[in-house]
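Look for chain A in each of the two complexes below; its partner is chain B in the first and chain C in the second.
Let's turn to the complex of A and B:
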């Protein structure tokens, strides 16, 4: 599934400024411990977190994530938005909790099945 | 220049997770017995027992600096240190204004007691002291510095409440004065594996004691300064003008 389809269906609000969101989403990961995300998330994944610190953009671009969703109306630092823009990493926000947004992603078919095979 | 053992991260019985034996007077008494020249009482988001520690410290000739272990919005612990109770009172107001307002549940989290310098009960703190405040790590550091204090990332090697664990790494934009290594990972003092991840901040070690045995036997710092104050400690962390702070020091006196 392509990122723009996920964004439309889940009504995600982008805080970075990318027009083209046609990358394929390769599954997802959820954690608020960035040290854990660095070791566990894979390229092309969507990462759901409540951390809005600017390190999320550094970690996300290091891994090569498709996007970050900051859940639960958590505030995204301006530095994180700028770093996202500088590193080709779209960042979205949603009022839904991490639990709900991950559930919605699963229902859409964004799963890690591909990886497990 | 003077040289002394210093432990700047100690919990009193105001922290719900600390034992009731951790009264300011008891901590200061043990410091005097075991040759620990300077201490800081650093309760979770609270400073209520520092006046008693200052009083007991004056009585026993132990330097007490007002401190606090703050939990920032990223759910990591930062220890702040000041020179005076006036600075700490101003700091406490900043923290109080950015807290949840939840009440403590003593049966689940532990009691939170304020006492005087003779171990007499004064009051029980009803606010929940555990939990994060709304200030980000950067805001904690900047506001602490603005008040004239110093601060460091607490127990960066631990899995919980560590800036390193929460944020993956500490970048150069965070103007924090040091990084604390817990008793669990003293090998890190020579291995320095985490150093590149914390922007090469200077290391320090403190007991982070929640009970008296841990305070006596936990790691401290050998501090070499003109006077024990935050300006001098900052210079010691940066090895300026013959001052130094050597982590991984322990008490040698037998009582």
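Let's turn to the complex of A and C:
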């Protein structure tokens, strides 16, 4: 599934400024521990977290994630947004909790398994 | 080719600069993406350790035809018990660092897992040096 379909279906609000969101999402991961994400998340995945500081953009960019969703109406710091823009990493926010947004992603078929193409 | 970066102590705003720069450099050279990812993760974890625990440090990347060696050194407090420090979940990070999602005790194990060769030397009161080798296989 493409990122823009996920964004539309889950009504995600983008805080970065990317127009081109047609990359294929390779799966998803949820955690607020950055080292855990670095050890487990794979390139092309969506990462769900409640951390909103700029190191999330650094971690997401190093792994090569498709996007970050900051859940539970958590605040995304301005320097995280800037770093996301600098590193071609879209960041979205949702009022849904991490639990609910991961459930919704799963229903769409975005799971922890790498998408087989 | 050898590049060197200073890691500022406690400055979370500049955290990850060395790993991001090394990643960009390796991408320009044309190193395979999965190897770059491993190098970037290992370097980032090391940078964060310097920043959180040692008041800063130094990252050196030696980029060779067969692989890249990353050496991360600091003059921090040193690690009294390396075996313990290598255990997943063991950490001495302060609470404010944990609140940011760091300090979960996964950094050193992650560095060992993502590198092809991992060596850690540490002396209490003098500092620590980690050497990681990554092959372009």
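The rule we apply is simple: the second predicted complex is superposed on the first by the 112 of 117 C-alpha atoms of A that agree within 3 Å, B and C clash if a C-alpha of one lies under 4 Å from a C-alpha of the other, contacts with A are read in each partner's own complex, and residues count from 1 in each chain.
Operating definition for what follows: contacts are C-beta pairs under 8 Å (C-beta built on N, C-alpha and C of every residue); 3 or more make two chains touch, one makes a residue touch a chain.
Since this is a predicted model, take the numbers as computed values, not measurements.
Superimposing the complexes on chain A yields a three-chain arrangement in which chain B and chain C clash.
Shared-chain residue A:5: touches no atom of chain B or chain C. Contacts of A:49 after superposition on the shared chain: chain C is touched, whereas chain B is not.
In the superposition on chain A, A:33 makes contact with both chain B and chain C. Contacts of A:100 after superposition on the shared chain: neither chain B nor chain C is touched. Set side by side, chain B and chain C differ in how many residues of chain A they touch, and the one touching more is C. Applying the stated contact rule after C-alpha superposition, one finds that A:77 touches chain B and leaves chain C untouched.
Once the two complexes are laid over each other on the shared chain, residue contacts for A:63 go to chain C alone; chain B is not touched. In the superposition on chain A, chain A positions 32-36, 38, 51, 53-55, 58-59, 79 are in contact with chain B in one complex as well as with chain C in the other.
Within the complex formed with chain C, the chain A residues making contact are 32-36, 38-39, 43, 49, 51, 53-56, 58-59, 61-64, 79, 87.
For chain A in complex with chain B, the residues that touch the partner chain are 32-38, 51, 53-55, 58-59, 77, 79. Against chain A, the residues of chain C that register as touching in their complex are 12-13, 15-16, 19-20, 23, 33, 37, 40-41, 44-45, 100-102, 104, 106-107, 109-110, 113-114. On chain B, the positions that touch chain A within their shared complex are 74-75, 136-137, 164-169, 171, 173.
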